[in-house]
């Protein structure tokens, strides 16, 4: 039994059907990558898992319990956290306040101060920035804040949506290093990326999404070796 | 469906033209008020529905039209329709500089800024000694409801025709583009300031023309009667209820509203306001985008299936 | 001496305006909803307090907890049942929340008229003034001023240094981000609307010492509130107090030197000038 | 609309046309319907309910006595929401749809002026129980009649008292509304007769809630008498801020604003010394008053106010005129109203037959003394002496 | 590939002969203390493909906003076809022949795809009918023909990107500003976009492509490149020169280009 299993998920925004049948699973402690073109439904899939988008059909099981249709609050409470696409920080709040909102759910609220200490210990670069408004940070710094904020709720599964978006290659590598460290600390990671080569280096297994559907799954190596994937996502012929 | 619309419209117009011959004073009165509010809603729909600038102050132009007409009729003894026309032109002339300033605001700021602007216009107009300030202004009685009705009907039909034209014209496309995203529209070559001010001017001309008729209809005007925020809000609600930025929204919304309102106050004078407000809230929750888009979506779905 | 008195009058009037605007600012700041029914809550509370006093001789300050609880409950209910259901699309959300609160305003006015009738009422309480030399300081206005400052600072403090406050700000700054953190945004907004309404009704109770009101006067408070909030800066709770003081002083001096009827235009002029030249409010940050 | 016409037709058919002579109280043909527009909501809603109750009480009493011309009386009323356009539409509706037999005027100049045009057009006589402003009666209309004393009567008494105490300097303030302007405009004529002069005049916005600056200016003009042409909504604010600025003129008058018997509920002890005016006072010791108050209390479980009395009285006039006219013929009725002299609850009705301006009614000047309203003018009904000067705020 | 090299050579030869279409001269702009542009200069000639590269926040979008008239610089000058366009309203610049796309796609959501494009076409069309016809052609050209009458809000992200380009093309521009036109596309789609830009260039339309870090493509299609970093121009030259420029390697590329693209 996987820690998180998503089966045949469907979702729509008004008339626009974004997901037609997305399935993936993640085991405790592993990194899984979900790749696909923009508009393939990756972000919608993550938002549906978090309850931010209400799924139309399908099943989401976390730790043996159905969570589809539940509110985001309950889902975070159970141990899932999202690093959203574009980071979605609270731009006019300080770094520290951003982190504290990450510890909003009841399970960790009482330990917010302790969690804050742990996050600063993991990301010492945030320490001197704690009083800065999040909106004034560089892209890379913002991404670290977003990750730190998600870690505040002590998740068992971390969903990451395009953490490399808008970052210079050097910063991207650093962020991926952070992802690896988090994973080593025992947190399972679902990594949605366009930076396919690096994502597949990091992940144990991967899924390919096309037009709102899971069309392929396998080990990262197998996916990386797939000719179709190579052609479409890695620009190799 | 579309074919039936033209003869239907012609029939409706003929019926409206003949109405004063057949109807009693009350029915004409009700018809006048209905046509007046629908015309006001059409005026508002241009700047707020098509251009997306939500105004809470178009009534200022109605008041300006009414006062200008009254002053011209009383002091210069013009035929009232000529005076009302002058009132409309004055409203338009006032709208252009005002629009130039106010249309720099957006969203709720424009909405409330226009509310403040309307209050200012009211205070300043009634500060002119000739208007008699709070004691009001009497007009010579006698032109009667029929003339006022025809004047208002003509403006209402004109406003509908104008809206039909806007909806199909390049100007209308430009307005809708700037409503959706003003900066993008500008970088696609839309002269946004000019388009907005034109829309604002038209949205002022219509109430400006209507105000004169209203002054004649009342024969006595005072600030609260013609700078009536209630009349303003009523026409806004009609347009929203019918469907913002649609050709037929103000008409449908206006018909529904006046019927509901008329049916309610006759039956429940004491709790009329409460029922009206409650109904509005319920309608809004049930049909958030207005009646016309809801019907259109329904029709499209049915014909698509 | 007259100038000093006018200044004091203006400052105290500013306190009254600040108090009556605070609830509106909370709702606008957190939810970006222009609550056209704001003034109706103020007025209903005032009329209720005045009737309580006239009928049963209850000290309106004793009614305060009751009106706060009632306002809180009413606000929570209205948000939960109505506002929450509005569509989320940005373009139409603005229009529909305006229309909805407009309908609500009519409903409340109608309900107030049905319950209390159209008579103007007021509570003869704290009607005197403290005298400092030649200058007088009206007691009820002073109280309103103090309460306005305390409540504004209190709310600013709540926002700044409590978990709920952070959740409220997070929700207003980035909805998706707040959702991702497990903030129950529905609850936060319901709370914000409820707090806004409770503050409005609390203010209304104090307004009953100052003004003669009936159920239909709500629109005056709504308009004042918008002016105060725009001048002071949206969602800026201390800025709103300053905006209110500026408005109060303007009104006081303008109606002395310009004549009261013409002076009615002064606050509107100020309000439009601020909108045009300092869109973030006089103390607000410039909008990016 | 359709349904009501249907019902009307059916009921007309069902009622046998009976001879309407000398048959007591019960069914003697269709009732005489009186149509009226009232301001039950909107800016004038304050007194609307009282006006309605005034009508209702009189109709109930009259019907118990057998009605008028042997027919019962029925009332058809609507709420004009204090909106002139709505008022006009309502009279059209009353006349054309409801086919009422007689109409009564609405509240205030803003609605009465346009409504008067309707009455004139249909040649329907209309008594206006709530219009003190005379301007609209000077426009050559034939069918409208003033049912309240004209504005001069609101001033005469108070200025007489001022003269008796040798006060000469008057300050006039009031909201920027038609009625307040009418009062202010009427002052010079009356004041001149008493050798008084106006030292200060200012209007404040109709919706003003703050009067501090106006009061500072009044203070600076140092008048003897301050006449505030106030309404109930501004009367409290003006009084309270007068107190707060510690200003006590020798006489302080708040026109109709302070005449409501329940004014004390909102004003408290500060009320003492304030003069006001009313078209009718419940404490005037007349037999009519006693029975009116008793029945009103029994019917509505509260005290009447002057709106109740004035509307009640206008129906008394109407009944008298109907009796004289002997029919519902509009011309006959019009002439009858114009020439009827009758003593009503609020005074002796007599109008100028040409203009319809009220000549008979006077007004009472009241002063709040120890939390009670005391009639201090005119002398024949007064039951107290005016307390002058207005007590200093510190000595209360 | 060889063909492309040849064409580039031809264009480069022409470069020194043709008059500059766009000249940006020493443009500076600061917001709230942040120097978004610091003395940036560049020149673009007719039909040229000009790449503006730099990391997020380098000032590319700000420069586009300055050129298209959305922002007014604190100092410097912008000349188009020989005239200074500084202080011109955006619509006037658009009508003069400068079109742009937005990094974050901004379709007119409630208008149909055709109407979205017709807004731009109105600049040249006599009637709205003609504008819609022109728009249909452009919509077909960018491969959105099947969606012409749908509301723009129903398009997917890739389709929206195409719509952005279609709207800009409807202006019949001489210069096209493509803001992060590659962002969010798969490599296959990027290749398509690159070909498309080259196609424009052959038609004589110059393009400035603002690109974040898709080096492989930048090197392949651009005639010349300017590298921005923190609002400052740090390098300019043809692709070969840029690839070996030590300042670029140091400040921008930093790490090996292993996975770029």
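Order as written gives the chain letters A, B, C, D and E; numbering starts at 1 within each chain.
In the analysis below, a contact is a pair of C-beta atoms (placed from the backbone, for glycine too) under 8 Å apart; a residue touches a chain by one contact, two chains touch by 3 or more.
Owing to the predicted nature of the structure, the values given are computational and were not obtained by experimental measurement.
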### Query
How many links in the shortest chain of touching chains run from chain A to chain D?
2
### Task
Farthest from chain E by Cα centre, which chain is it? Let me know.
D
### Message
Let me check something: if the centre of a chain is the mean of its CA atoms, which chain is farthest from chain B?
### Response
A
### Task
Could you compare the number of C-beta pairs in contact for B-C with that for A-C and name the larger?
B-C
### Task
Express in whole angstrom the distance between the two chain centres, defined as the mean CA positions of chain C and chain D.
36
### Query
At what distance in angstrom does the C-alpha mean of chain E lie from that of chain D?
76
### Where chain A and chain B are represented by their mean Cα positions, the distance between them in whole Å
51
### Task
Report, in whole Å, the distance between the mean C-alpha point of chain B and the mean C-alpha point of chain E.
44
### Message
Residues touching two or more other chains, restricted to chain D: which are they?
### Response
40-41, 43, 176, 203, 205
### Task
Quick one: which residues in chain E touch 2 or more of the other chains?
110
## Note on the structure
Residue numbers in chain A touching two or more further chains are none
## Note on the structure
Residue positions on chain B within touch of chain E in the complex are 168-170, 173-174, 176-177, 180-181, 183-193
#### Entry: Partner chain B, residues of chain D touching it in the complex
40-41, 43, 77-79, 81, 83-86, 88-89, 92-93, 95-97, 109-110, 113-114, 117-118, 120-122, 135-136, 139, 175-178, 180-182, 185, 203, 205-206
### Message
Quick check: in the complex, which residue numbers of chain C touch chain D?
### Response
2, 5-6, 9, 13, 50, 53-54, 109-110, 113, 117-125, 127-129, 131, 136, 138, 141, 210-212, 214, 216, 220, 251-253, 255-256, 259-261, 263-264
### Task
Please give the residue numbers of chain C that touch chain B in the complex, ascending.
32, 34, 82, 85-87, 91-92, 94-96, 98-100, 102-111, 113-114, 219, 223, 226-227, 230, 261-262, 264-265, 268-269, 271-272, 275-276, 279
### Message
Please output the residues of chain A touching chain C within their complex, sorted ascending.
### Response
50-52, 71-73, 75-77, 81-84, 87-93, 97-98, 100-102, 104-105, 109, 112, 149-150, 152-153
